[in-house]
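Note that subunit A is present in both complexes that follow, paired respectively with subunit B and with subunit C.
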Partner chain A sequence: MTDKNVVLDVQNLKLYFRTESGPVQAVDDVSFQLKAGHTLAVVGESGCGKSSLAKAILRLLPRNVSEYTGKIEFDGVDIMQYSDEEYRRKIRWHQIAQVPQASMNSLNPVIRIEDQLIEPLLIHDKMTKQQARTRVAEVFEVVGLPVDFLQRYPFELSGGMRQRAIIAMALASNPKLVVLDEPSSALDLLSQANLMNVLKRVKNEINTTFILITHDIGTASELADEVAVMYAGKMVEYASAQYFYTDAHHPYSQKLMASVPTLREDKELGFIPGQPPSLINPPTGCRFAARCEKKFEKCSMEPPTTDMGHGATVQCWLFEETGEVKNA
Partner chain B sequence: MQNVDTAQVESAVPSRRRFSSLNRVLKYVLVRGLTLLVTITIGVYLAILIANGGGYVDQMRIGQIKEEIAMQMAADQEMTFLTMQERRELEAARVEVQIQQLGLDRPFMIRSFEYLWNGLTLNLGSADYLLSDSGSRQVRNILGERLGPTLLLMATGQLLLFFSSLALGLILSRRYGSFLDKLIVTLAPTSSAPAWFYGMFFILIFAAVLGWLPFGGMIDAPPPQTTWLRALSIMKHMILPVSALLLASVFSGAYSRRTFFLIYSSEDYVEMAKAKGLSDREIERRYVLRPTLPTIITSFMLTIIGLWTGAIVFETVFNWPGIGRLTQQAINLFDTPVIVATTVIYAYLLAVTVFLLDIIYALVDPRVKIGGGGH
Partner chain C sequence: MPSLAKPLSQQQEQRAVLRVEDLHTWFEVRRMGFFKAGDVRALDGVSFELYAGETISIVGESGCGKSTLAKTILGINHITKGSVHFDGEDLSSLDKEGWKRYRSNIGYIQQDPYGALPPFMSVKRILEEPMIINGIRDKDEQQRRIRQVLEEVKLAPIEDFLPKFPHMLSGGQQQRLVIARAMILEPKMLIADEPVSMLDASVRIEILQLLQALQRKHNLAIIYITHDLSTVRYFSERIFTMYGGKIIEKSSTQALLKEPLHPYTKALFEATSDPDVQNLYSYKDIPSGEPPSLMNPPKGCRFHPRCRQIIKGLCDQQMPPEFWVREDHAATCWLYKDK
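Right, the complex of A and B next:
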């Protein structure tokens, strides 16, 4: 637990939203640790709480939050204890930055790109305008954008360029952690490939920790050191990419992997029948049970988190015997 | 040499671009100006047709002239010496002269275009019945006299309303779901009643029952001697109408602004600004207010030209000597030159505003380019 390399330690994180028909348990009791310089890919179907997990870490909460508890230890400090103002001053952007899902609309349409990019540097790093401009020009080159595009307005850039401009903005203040929330989902295939190349290069050049939220398990494999699988608000499996891509444990993870097309093998693509359960009144016990082929009696009870070795954990009754049960 | 040549070519490019953008703006101004002129012409012509009842007002005037002359002649002692036949001829001749003087003998359709030309060239002519307080028949003088009071009352009321609902809307959008927010939202439907409705109650309470403030009018009669006291008296007369105006619209105004700001606050770039760690004030200034500036400017400009027209019932209730009451008097008397003149001036103001807005948009919003399509 006191590993010095751990930059982010999330324990029992819960994020519930209030709705008319009851609380939505978007992130329910999620715990994981992330080492500095590693990239964690969070995968899962739509609506399983991936983006909510990002929002909870970034503390970008909508107004209808009903429960937001747990521990987020960042760099050894429990940042959940911070007040909003403290969080803004100490954490936002220069410690944890984000690349949002809707990057098309994440730049203010009436302000020049350069002025938007230098803002955090002026506020948090107390740079002069000139220093900030130089720094921003540097990262613009890192993400492969022409420096003179800084003088443009967002609408004068294509979607892929805007996405890269935001990545540049995230990198400009050297944050320890960057949360990428489906950075490529709004782009066409070529721009996606381009963006992944940029991210790979950035990852190699700059020693930053990334959390990559995606439903594209295939592309995630190019970047991920660790993979976390979310299902219905729970983190059902957490494993290093090395083991996950060859030997996923959780039946849901296996099904997910079976649904990924591969280039060299000629395999029949699998699919998972049904839909994820509603997060308003999730089923008791294992939330995947209804769609699981390996369901047995015990699945009606809350599955334990089992340690599978190599830092991998899985929440499934199947591994009660094989692994070491952490909590029942 | 090669280098010098390229340098010259490069420096020539921006100037050519500047020239083409000047060209584009000029072309735009011309086209837009002409379009607006056509719109004004159609609008004013429609107003002329309606104000003249499609020519029916002519019949009424001719009837009126006949009646007046018959009455005059009946009252004239000398007429008793004439025979019935002679009297009829004389009467017909006098009526004819009057009709010719007013040009009523020519078809209305032809005259309507003369009216149109006169209106468009701001040759407002003289009123049929109304007089200015100084006794002038000139529509120009009549309007000029009434414009001041209307601008004073409406500008005070509307500008207060505009800025207070803007500020209140911003405050509410910050405190979404708070008690104040719920209160204002609940009160918003009270704006379905017009200002004069509240005005009547205000007059009843504060003038009739409590006797604190005057019933109406613009100044005490007789007017106080010193300028200072006169100003004070006018202010006292403005309290009730201005508060009626505010009460009638501030809640719905604040409500709609609040919703507007809430919608713009949920834009992705606002959340991004929050993630960047900007302070709430900075976010509000640069990421909410700045992008919504064009919309706010539009409603401000429309408020400004709305001031000019006054409010017919409102001014009548408060007995305020402004354009609104003038319009009401003119409509009652079928005083078409006055009605047409107010329409013409309003049309011009509206056109100029729309024209200016197009240019202001291009200045405040980089996405808008005058004339469009240019690079």
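Right, the complex of A and C next:
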């Protein structure tokens, strides 16, 4: 598929970490495509590999990587071919920015906000100080912060404001893609809702492409056009938000949706007994099989990725016949 | 049993396990270690009653005083003004033995299960500790209780879990162990301070349903403290909203879900996202600003600087009293003064 609108095309991405007891398969054979201006929400429980996926895309790798393979095509260029130095100069912050987890606490407390925000612009975009200041003031308005707050120190801002300042920093160099790793989970309810408003406005007005990594399926629906569900290093389902929220296919996605309490309607809540498997020696076949009610003989074999139409894919033997098998 | 937010009959009043009256907890702030600079009014006049077999959810954002309330009831914080009665006994009148007895009657479930469990103690030791402290020395009785609580929290097979250390358990299992420890002295009341906010979505419901099952079996009174409005409808009979050290809305769950009254509770409702694809197409209407400083709380209603429905000259001057709009629904807000 060569679609001009596709900003990010990830194929068979693997990221394994080396440990004493064997390789941890944190991201195992993940493939997806993301269109410009769209937001992909990556959801899953802790330890399912969603943050590792973000690290793999941004190539922010720890030292104990044992395998890092696959194809990441960004804007038509295979960026896996870049050397680390090339990647740093051409891609990171410049084209793909990120907002890491709890990043509101990563601002330097003794430097004014403005001086911190202009830094990537001076380094990556070779702007003059004056240009950088103007640009930063622009993005500050986009995220809904008063421009004079640029002269303040981080401790003079509330948590929600600091988080918005970090998002302004990520947006300043006009990246094509922004990876948000749990952007709102450290915030209070009202600041969280406020931040989602800001991100939604950025998305609608500047048409930024986002990858939103979160465990909160309710909040993800505020921003997501597409939803990817990860389980034990695998992307078990990928679908447009419209289909995912009304009719998720994978048994794990269904269970996960059933476990989300809702405020506005009464529903029968469920939970998933058991725990996710260890990623060091994951079971062969479907990794969810041990906790799945719909398990049958075939589940001991690796499930194929099935195309369910509308660009949705699911990795489950149940849909082998209903959908169109992509790669068995 | 449908419970009402207001104590109605004598009978109900007698059955109240916990009665909190006009409770204040202020923390003194000193300047240069000597001069008094003021007080942080973390809890500023809170009153309610809790009955056996019911759950009250206390909802609010960080800094609203909900954890201070829990700790004051537990006796970790001192009481500045007001009183707490447990089973008809005033906490301020308790001696050392009385405190010990009182504390063995309340179980406390912390937010972070890993932080709450000593890493160098095995499951068995963790469960024995409260019994040793409270004078249950009989080995058979200890065994019996350990087996019973572990069965109740579904940590089975029991023999496999007894020698394990906290780090060998998953987050959900750790939290179940914390609950088991809270239950081992057979308390009458549980205080659960954000018991599931550190856990994954798929385990949260399991833990909350476990608490509910324990409540039914032992007729426990539970105070469930949370910032997550979406879980409260499933697990409580009454919901209190706190803001700036005060309870600003008291209601039965049904009444609150039908129509929240206080503008702040309305904002909390608006801010909670249900998984719904329609969310993508609308913005939320959220009040701007931050919660007030508890050292210098604003005059009048503490929410008035952020409130869109402010009545000038009233809300910014006088603290509103509790208005009972319906039999089971009260709001501390001037908007309801004629109702």
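Going forward, the second predicted complex is superposed on the first by the 326 of 328 C-alpha atoms of A that agree within 3 Å, B and C clash if a C-alpha of one lies under 4 Å from a C-alpha of the other, contacts with A are read in each partner's own complex, and residues count from 1 in each chain.
The criterion applied here is as follows: a contact is a pair of C-beta atoms (placed from the backbone, for glycine too) under 8 Å apart; a residue touches a chain by one contact, two chains touch by 3 or more.
Bear in mind the structure is a predicted one, so any value in this text is a computation, not a measurement.
Visitor: With everything superposed onto subunit A, say whether subunit B and subunit C fit together or clash.
Guide: Fit: subunit B and subunit C sit side by side once superposed on subunit A.
Visitor: Contact-wise, after the overlay, does A:Tyr68 reach subunit B, subunit C, both or neither (first, second, both, neither)?
Guide: neither
Visitor: Is A:Glu265 in contact with subunit B, with subunit C, with both, or with neither (first, second, both, neither)?
Guide: The answer is second: A:Glu265 touches subunit C but not subunit B.
Visitor: Which holds for A:Leu223: it touches subunit B only (first), subunit C only (second), both, or neither?
Guide: Second partner only, subunit C.
Visitor: Which holds for A:Arg89: it touches subunit B only (first), subunit C only (second), both, or neither?
Guide: The answer is first: A:Arg89 touches subunit B but not subunit C.
Visitor: Report for A:Phe149: first if it touches subunit B alone, second if subunit C alone, otherwise both or neither.
Guide: Touch status of A:Phe149: no partner.
Visitor: In the superposed arrangement, which partner chain does A:Glu119 touch: subunit B (first), subunit C (second), both, or neither?
Guide: first
Visitor: In the overlaid three-chain picture, which partner chain does A:Ala102 touch, first (subunit B) or second (subunit C), both, or neither?
Guide: A:Ala102: touches subunit B, not subunit C.
Visitor: Counting touched residues of subunit A, say whether subunit B or subunit C comes out ahead.
Guide: C
Visitor: What is the angle, as a multiple of 10 degrees, that the CA centres of subunit B and subunit C span when seen from the CA centre of subunit A?
Guide: Spelled out: centre of subunit A as vertex, angle of 70 degrees.
Visitor: How far apart, in whole Å, are the nearest Cα atoms of subunit B and subunit C in the superposition?
Guide: 8 Å.
Visitor: List the residues on subunit C that touch subunit A in their complex, please.
Guide: Answer in residue numbers: 61-62, 170-172, 200-206, 209, 227-231, 233-234, 257, 267-277, 279-280, 283-284, 286-288, 290.
Visitor: Show me the residue ranges of subunit A that touch subunit C in the complex, using the header's touch definition.
Guide: 45-46, 158, 188-190, 192-194, 196-197, 200-201, 215-225, 241-242, 244-246, 255-257, 259-266, 269-273, 275
Visitor: Tell me, which parts of subunit A touch subunit B in their complex?
Guide: Per the stated touch rule, the residues are 58, 60, 63, 88-89, 91-94, 97-98, 100, 102-111, 119-120, 123-124, 153, 155, 166, 169.
Visitor: Which part of subunit B faces subunit A closely enough to touch in the complex?
Guide: Residues of subunit B touching subunit A: 176-177, 267-269, 271-279, 282, 286-287, 290-291, 293, 364-367.
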